[in-house]
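As written, the chain order gives the labels A, B, C, D, E and F, with residue 1 at the start of each chain.
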Amino acid sequence: MPSAVVVRRVHFNAAHRLHNPDRSAEWNRATFGPCNNPNYHGHNYEVELCVEGDIHADTGYVVDVGIVKALFQEHVHVHLDHRNLNLDVPWFATRLPSTENIAIFIWDQLVTRIPAGRLQCVRLWETPSNYVEYRGA
Amino acid sequence: MPSAVVVRRVHFNAAHRLHNPDRSAEWNRATFGPCNNPNYHGHNYEVELCVEGDIHADTGYVVDVGIVKALFQEHVHVHLDHRNLNLDVPWFATRLPSTENIAIFIWDQLVTRIPAGRLQCVRLWETPSNYVEYRGA
Amino acid sequence: MPSAVVVRRVHFNAAHRLHNPDRSAEWNRATFGPCNNPNYHGHNYEVELCVEGDIHADTGYVVDVGIVKALFQEHVHVHLDHRNLNLDVPWFATRLPSTENIAIFIWDQLVTRIPAGRLQCVRLWETPSNYVEYRGA
Amino acid sequence: MPSAVVVRRVHFNAAHRLHNPDRSAEWNRATFGPCNNPNYHGHNYEVELCVEGDIHADTGYVVDVGIVKALFQEHVHVHLDHRNLNLDVPWFATRLPSTENIAIFIWDQLVTRIPAGRLQCVRLWETPSNYVEYRGA
Amino acid sequence: MPSAVVVRRVHFNAAHRLHNPDRSAEWNRATFGPCNNPNYHGHNYEVELCVEGDIHADTGYVVDVGIVKALFQEHVHVHLDHRNLNLDVPWFATRLPSTENIAIFIWDQLVTRIPAGRLQCVRLWETPSNYVEYRGA
Amino acid sequence: MPSAVVVRRVHFNAAHRLHNPDRSAEWNRATFGPCNNPNYHGHNYEVELCVEGDIHADTGYVVDVGIVKALFQEHVHVHLDHRNLNLDVPWFATRLPSTENIAIFIWDQLVTRIPAGRLQCVRLWETPSNYVEYRGA
């Protein structure tokens, strides 16, 4: 069977702040600039979920992208959308909510749940000008 | 002289929360849904600043859009970018930071400062799916 | 109260064919070209629903765009999405499913149902390269 | 008959330089900045051609957007695409090739040629961040 | 010689329906949902054609993207654009016109015809929210 | 440490002409078509700078994309933006300013300067319809 990568775009928005509590206030301001502002700021995050696998003869699908979106809604969107990543998401209690780490969170929530094929890549736009690709550890 | 509208796109990102302190918690949740979440969420805001006026024969310009952007940076971006609109911007102490009201804030900050032509419209995207046009009171 | 226009983007996809049964096959081929192909073709339609009105002091909203989207889903999307406009939508039994006429259909389905403000414009993209604006008869 | 606005997006790319020969080199550098660089620079221009008129009952069209594009190709694209506006286009021998003036050129080339409805607006993007709307003198 | 990947975006639109005639009507409705609607629906398909190869010293090109587009027009667009994939394209008589399979059709039509370099990837958007990457069997 | 790719989008605009002085005028016209026009044309170039590396525990970053942009401004933008690539950039005195070669120029200017991780890919759009990916020699 030929294989392909299928991709579903989804999105959420959230507030966050980059601040490493193990470092000084001065180091944080120098390292993170306005992303360190104490009262948070936010983004519209765009996500691409990429699933690689064989194309099934009976459906013509690698995986139904409607199922991929439903899994995102159930296991990611409910935790991140309209949330403050620092305050509302326990996973970020000990991790900086950088785009890199948010991509890892999304990967970890979905990697074992994709029902056909395998999660190949999470691509996460923080703004229209910057994004991250994560393909697993 | 012929006239035209020139438009400059700019952007900022911010956190906010929709909550009317004069109403009950229940009314706020029912009215604003997840936008009422207590710990804020955020957006990448895209802005179009539209200036209408005569085209000057010596420059071919209605207005130099570089100046329009510089005015935005000086009088809007510095106040809103990487900020929490509810906590960091005094203008919103008594106003809800809805897209409509943020557009009014941008208008008010710029309307008297445009050096040629007149501000015709502020168009403000909160997400790629919704925006507001404001043309003055 | 200041007024503004708020806009919600929504979308659907559909099949259609441009064919005027009162004219000859030759006239139809000459007028509509490949859009006259007998077995239909299709598009991803993007829609902007524009509502103009006063900004309410208690919400900061002209209208809740979530309600605008819900009305679209209930009164437009259910009729047009994943449909053949010629065969499945009675309104087009006597009208050509051109972008212009589809915009009128959307307008007619929504104009009396907007709960605050008034429908100002339906903007309908047939492709990324062409769209129509309709503001009522 | 109801009326509507139909819009066709088209594009071209060109080199240009902003320089007013009636003014000093110093004034030109101060006014136009890098746009005054002597050896030209260039852009991918995106154009929206907006035609307003009644919707014809026999076609469902205000105007066939394929005809609008063909007129653009014949009367605008052939003059501007892959050209140096300053050196190759006689119309700009006495006018600055600003976005405003290029929009006027496009308008003048098309306004009397639209076969149905009337040209309502030429919208011209110089970059994804700035554009001009021109609606006639 | 250094090598690179060059990419040309092209597009077409078409109607289709997902229906496996070897399975029951019930299975088809459950599996394909509204994509199984009997009278077809449609999409604006966006395509990226990626060609990998050495950069030629005399042209600075891996391949002239104008030739890549011309090959697409001649060997793909003529078969798919403004067509009903199920009824008008013999290749789909025995295959489901899923995005995955349409990408394979495009690949098969072009892979032996690229005049310089080699076809590396066909990326096919069915909607702005989902796409497929195919790199050969 | 997990690794990821981070990407920063930047842009510039420039004039250029494709012309190989070692070949005849006829060969150049046949090979490059309107891109060979003698007085130059131009583009808005969009660039994606991709950096691959480990995610640092103290910042959550592979690399600060603000630094990547600053390096682009200092080592690329200053040379290419609002310039004529043929006349103003010595590197192109002996190379054709094709999209492929411009990507190599950007790579060469940045590859040794990325302060964390390594430059993985330069993706360069000449127009919204064509781009090049370069990953080093």
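The criterion applied here is as follows: a residue touches a chain if its C-beta (ideal position, glycine included) is under 8 Å from a C-beta of that chain, and two chains touch if they have at least 3 such contacts.
Fair warning: this is a prediction, and the values are worked out from it, not measured in the lab.
Asks: Considering only chains that satisfy the touch condition with subunit B, which of them also satisfy it with subunit E?
Replies: Neighbours common to subunit B and subunit E are A, C.
Asks: What is the set of chains touching both subunit B and subunit C?
Replies: Output, common partners of subunit B and subunit C: D.
Asks: Please indicate which chain is farthest from subunit C, where distance is taken between mean Cα coordinates of the chains.
Replies: Greatest centre separation from subunit C goes to chain F.
Asks: Taking all residue numbers at the subunit C to subunit D contact, is the shared part over half or under half, that is, same or different?
Replies: Mostly different residues: under half of the interface numbers shared.
Asks: Between B-C, A-B or A-E, which shows the same interface as D-F, counting it as a repeat when over half of the contact pairs match?
Replies: Comparing residue numbers across B-C, A-B or A-E, the repeat of D-F turns out to be A-B.
Asks: Hey, which chain ends up farthest from subunit B, C-alpha centres compared?
Replies: E
Asks: Between subunit B and subunit F, what is the gap in Å from one C-alpha centre to the other?
Replies: 33
Asks: Where the centres are mean C-alpha positions, what is the separation of subunit B from subunit D, in Å?
Replies: Chain centres of subunit B and subunit D, defined by C-alpha means, are spaced 28 Å apart.
Asks: Pull out every residue in subunit C that's touching 2 or more other chains.
Replies: Answer for subunit C, listing residues that touch two or more other chains: 128.
Asks: What is the complete set of touching chain pairs?
Replies: In this structure, the chains touch in these pairs: A-B, A-E, A-F, B-C, B-D, C-D, C-E, D-F, E-F.
Asks: Can you list the subunit B residues touching subunit D in their complex?
Replies: Interface residues on the subunit B side: 2, 4-10, 55, 58-62, 64-66.
Asks: Spell out the residues on subunit A that touch subunit F in their complex, using ranges where they run on.
Replies: These residues of subunit A touch subunit F: 18, 20, 22-23, 31-33, 95-101, 103-104, 128-137.
Asks: Which of the residues in subunit D come into contact with subunit F in the complex?
Replies: For subunit D paired with subunit F, touching residues are 11, 13-16, 34-35, 37, 39-44, 81-84, 87-88, 127-128.
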